[in-house]
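The structures come next, written out as structure tokens.
In what comes next, chain A is part of two complexes: it sits with chain B in the first one and with chain C in the second one.
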Partner chain A sequence: MIIPFVLNGDLVYIDANPGERLVHILRRRFTLLSAREGCNSGRCGSCMVLMNDQPVPSCLVPVFQVKNNSVVTLEHFSKTDEYHDIITAFEEAGISMCGFCNAGKIFITHTLIRDNPRPTNDEIRAMFSGNMCRCTDIEDLINGVRKAAARRRRRHA
Partner chain B sequence: MLNKTTTVYRANSVTEIQTLLRNISGISVAAGCTEIARRQTGRALSLPTHVLSIAGIPDLCSVTKTERYIDFGACVTLASLLELGRKNLPEVLFDAVSGIANPAVRSLATLGGNISAKGHRLSTFAPLLALDARLEIKTPTDTYWVPMTRFFSNTGKEQPGFPECLCRIRVPVEQWDIALYRRTGKPCLVSDTTASFVFLVKTQKKVLTDIRIAWAGKFFFRKREFENLIIGRTLPLSEKDMVNLMDKSELFFDQLLFPESYNRACFLNLLEDSLRLLT
Partner chain C sequence: MTDGHAPAFFSDLDFPDQLYGMLVRSTIQRGYLVDIKPPPMPDGYRLYTATDIPGENRLTVTGTTVPVFTPYEIQYYGEPLGILVGPDPEKVQELVSEVLVETELLSPVQFTDRFAASQVVAKRIHFSGNADVQLDKAERVFETECETPAQDHYYTETLGVAVSVSSERLDIYCATQWPHHVKNSVSAVLDLDPAEIRVIPTVIGEALDGKIWFPSLIAAQAALASVLSRKPVKLVFTRQEDFLFSVKSAPVRIRYRTVLDEQFALKAMHVRILINAGAYSPLIDEIVDRMTIAATGPYYCPEFRIETYALRSSLPPMGAFSGWGDTQVSFALENHISRVLSECALSPTEWRKENLLDRGRITLTGNELKQSRRFDELIDLACKKSDFFRKRTAYELLNRNRTTLKETPLRGIALSCACQGNGFTGKNPPGGSYTVSVTMDTESRVHISANVTSDSMRRITLEQAATILEVGKEAIFFTDSSTDTTASGGPQTLSDKLTVILPLVEKCCTTIQKQRFRNPLPITVKKTYRPPRSEAWDASTLQGKPFISTTPAVCITEVELDPLTWTPSVRKAWFVIDAGKILDEGAVRSAIRRSFTLACSRSMAEYLVIRDGRFAPGDSVQYDMLPPSEMPPVDIYFLDSTEAPRGVGTLAQLLFPPAFTSALHQIIRKGATSLPVRPEDIYTLVTRKEEAE
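The block that comes next holds the complex of A and B.
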């Protein structure tokens, strides 16, 4: 099945089995390794991508679902100012970025502070319920998200 | 294992759904696909030979509210339901949706998929059952409305014989004095012990005018005979009423209704806790 979709800003066509998971396609066909195969059930957040500007676990997306949609991976997102706000804030908060669930942490933080510039601690906890990070404490993550939100507010002011 | 023979058809309107159902035999309907993906562990999903993708049809992604009903399109995502807020949704439905998986999964999963999942009834099933939801079903040639209890069965066999597609879910707008939703089992996971319990009560001048009790897990039920036993009683319920009702509940909700005694114990405990709210 030929599937056209916008990947990191470029229109691409792939010939794939419609049942293949998106994470598999991104890693094997496009060598976009920021999306990692983890639980394959949408619980760990390591395969997170932005699909139509919403964070989704790409392991739960059969590739036919991306037809005519837009997908952004961390490789492309890391060139944006939003990414630099988040990564600087995370460094300040002492958040360890071992690499495994970076996509989940960064995309969740990005959409959370984009939709709600002043998230509460409970909202942050709820959003991170789909991200299993073994290196960082949730309290540090809350601190990091607050710092990232403050940075973004300052930049937009 | 890769199924190289899978063909995916994408419908752009409700009329196209009916045309495809009519012309392609054995076609299976898919929307968010989260349930299919969750149940499989391989790198590629094993899909049926013919798949009809209905995600993205504007008519099926909308929510319409009138004075009497809320109509949910079957492809409304759980995340967009939560965006409507607690005030615009039945309280038990909002509570049920907010406990499903995590925000990222909720932005893919759809309401229609949640109630149509086979094998195990998921979180929104019990609330919709208790709220007397009706379903709009499209067949290749016809459209009909049916109550949830008629469309789904406990034997795991859905309406056989002809292809059909769930398009809309209609929930009556009602005010409930007590609206309680409880979920058993591990949070955010579906296992054998997972089930949903809903308890709704409407009162008028200290008289109980309506009560709904629903359970959905491996099996689902609503016992109207038991509800009728309680309707019409004056509140608060006495201790004697409580003992009497719990004794009767042992008979109404017997072992035959529950394949596992653990689930039955959970249900009876939740029922007692809920009825205590009326004392």
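The block that comes next holds the complex of A and C.
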């Protein structure tokens, strides 16, 4: 099946088995390694991408679903000011993370503060329920998200 | 990422002409391997088994051996029999599923209370006085048996390795706590000169002491395929393989029997610890020793007998989890103590203050405590911060007068005490052989060569080096941490990082700082850890000082039970800790909260049992873990101290589970003796109690 979709701003066509998972396509066909295979069940956040501006775990997305849609990976997103708000805030907050599920943490933060510039701690916690990670402390993460939100508000002011 | 960590993840690596590997595994729990029949193999696909190994078909870890591929006798379900490699990962998976393994069945070796001497792989009998006589003649003996099942480390990046091969050398990329062990193991298995092997550690994440020897096994398997096929090989476990066949924390059963004297002080204690070591457990000697010396915990007991047995069984390899068994012992001991205090209506704070080991008293390893553990201060502060006395009295009244569990609120509060041991001096090799070197180059840049893989530890190390050398943090670098550039040494375990490696870096930096304005640059200083003679540890008698330092701490936990679903929830936990001088408060608090996350998940969610030699649930998706987002609130306090910094990484796992079950005990008047405690377990406890009444 030929599947056209917009990947990181460019229209691409792939010939793939429609049931193949998006994470495999991204890693093997496009060498976009920021989407990583962790749990393969949508609960760790390692394979997160933005699909039509919404964070989705690409391990759960059969590739036919991206037909005529837009997919953004962390490789592309990391060139944006939005990314820099987040990563700088995370560094300021001293967040300890191995980096394997960065895509999840960053895309969740991005959409949360885009849709809600002043999220509460509970809202932040709720958003990270799909980000299973043994190496990051949730309090540090909350602190980092709040700092990222403040940075973004300042930039948009 | 900081430098020295490149490449970041082995799973991201790809080499030209690379093959993908997958292990062929046994489909029976125990028996003999008769034959392995691969399906017709397309060009470029190969299966390598034990007969293809040019060197030793075994991995040696601290005197214990594990086969790389089983040659004949199968010891557990899922044991590796060979590795199938090929250019297409999906095809490799398909071919592996078509491999026919012929076997002859044998009865599996079970883990039971009654066992044959041949099943014992390690044991310790440690005693003082004659506890058995005291127990025999006592009018009242308190007894508790606790069980802690296996726990999965659950690494987000599944276990694996990437190997590239050239005519000169073999490069192995893997996430390991012990790079030099990987190198030596591969050298022995492939009969290669160690100089031809380089191990490049990749990002390790929260290893939880589960990546000490297992990565060496996977590396040997992939390296064999790489050398024989003369192509790079990548072997990455599927999530399911990782869940079912990686090393787990060993399941443990612990029985405490104690006698109190007329003043209700501990008089004698008999402890029996049974560890399910699985088919192979290379670290079992240290686990047995550490569980034995943890048996009386922070308490003074004049007469004791501790019997620890590690039993072989037909299960996948069992190993260390952070704490090396201390956490299981602490759960059983504190649970037992809380029951004793509840049955005797004794104050949990006053009794502990009277019975906790403090300066001048002799520990279970015959060592006189020279410094105060400040438990009085820790308990007082924890009680004050949590409003412990008022809440405990109020909940006691409510719970005692309640006739049904529908009368709310269903609340309980409890306290636990423990000491985290830092830097076990009984390691094999002694002291663990750690070497660190620091170089200041001609442009005053500082290069640290040390096996420091955790992000927070790197931050603390950087901070300290910058302060001592009076240079900016941007001028400090961690050098490439491959086996070519770091000195051979022991594994980097959780508690050694702060206790051993940081002081070595500090010593190197102090020496450089003294020399740098007198001697020309560059200056390189190398330091190796050696335990002081006065603190020598006699492993044969378990006498001496077992840890470089200990971190005393107290936890109070307040629990509420939902009257409809009987789901327990933690209203709040309070930790008060004497962690010595705090170098980076943010990093220390994060470390404690991460340990708390693990402890909560262990206590309320992570359920892993063994049925017919296989883990149940048999699916990683069903393995319930509390996501960090659901962590209960926690307050952390430190006592002021100028003493050397001490480890805190496993404190919450030592303290929280027993405090949690003891608080539940206050509500339902029945003690949970196994983890996790789920609503169905509470239902069983309550209905059993009602039936008994």
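Brief remarks follow.
Simple rule for what comes next: the second predicted complex is superposed on the first by the 156 of 157 C-alpha atoms of A that agree within 3 Å, B and C clash if a C-alpha of one lies under 4 Å from a C-alpha of the other, contacts with A are read in each partner's own complex, and residues count from 1 in each chain.
Throughout what follows, a residue touches a chain if its C-beta (ideal position, glycine included) is under 8 Å from a C-beta of that chain, and two chains touch if they have at least 3 such contacts.
In this text, all values refer to a predicted model and were calculated from it rather than measured experimentally.
Annotation: superposed three-chain arrangement on chain A; chain B versus chain C shows no clash, the two fitting side by side.
With both structures placed on the common chain, the touch criterion links A:Phe5 to neither chain B nor chain C. After overlaying the two complexes on the shared chain, residue contacts for A:Arg125 are found with chain C alone; chain B is out of touch.
When the two complexes are overlaid on their common chain A, residue A:Phe90 makes contact with neither chain B nor chain C.
Of the two partner chains placed by the overlay, only chain B lies in contact with A:Val56; chain C stays clear of it.
Contact with both chain B and chain C is seen for A:Asn40 once the two complexes are overlaid on the shared chain.
In the superposed model, A:Phe64 makes contact with chain B only, not with chain C.
When the two structures are aligned on the shared chain, A:Phe77 is found in touch with neither chain B nor chain C. Once chain A of one complex is fitted onto chain A of the other, the partner contacts of A:Gly99 are limited to chain C, with no touch recorded for chain B. The angle formed at chain A by the C-alpha centres of chain B and chain C is 90 degrees to the nearest 10.
The gap separating chain B from chain C in the superposed three-chain model is 6 Å, by closest C-alpha atoms.
Touching of chain A by both chain B and chain C, each in its own complex, is seen for residues 37, 40-41, 43, 126-127, 129-131. Only residues 1, 17-21, 24, 37, 40-43, 45, 48, 54-57, 59-62, 64-65, 67, 104, 108, 126-127, 129-131 of chain A touch chain B when the two sit together in their complex.
Put simply, chain B touches chain A in their complex at residues 2-4, 6-8, 10, 33-34, 36-38, 41, 43-47, 51, 53, 55, 79, 101-105, 107-108, 188. Across the complex, chain C meets chain A through its residues 1, 8-9, 11-12, 14, 153-158, 203-206, 208, 238-239, 454-456, 459, 586-587, 589-590, 593-594, 597-598, 620-621, 625, 627-631. Chain contact summary for the complex, chain A toward chain C: residues 31, 33, 36-41, 43-44, 46, 94, 96-101, 125-141.
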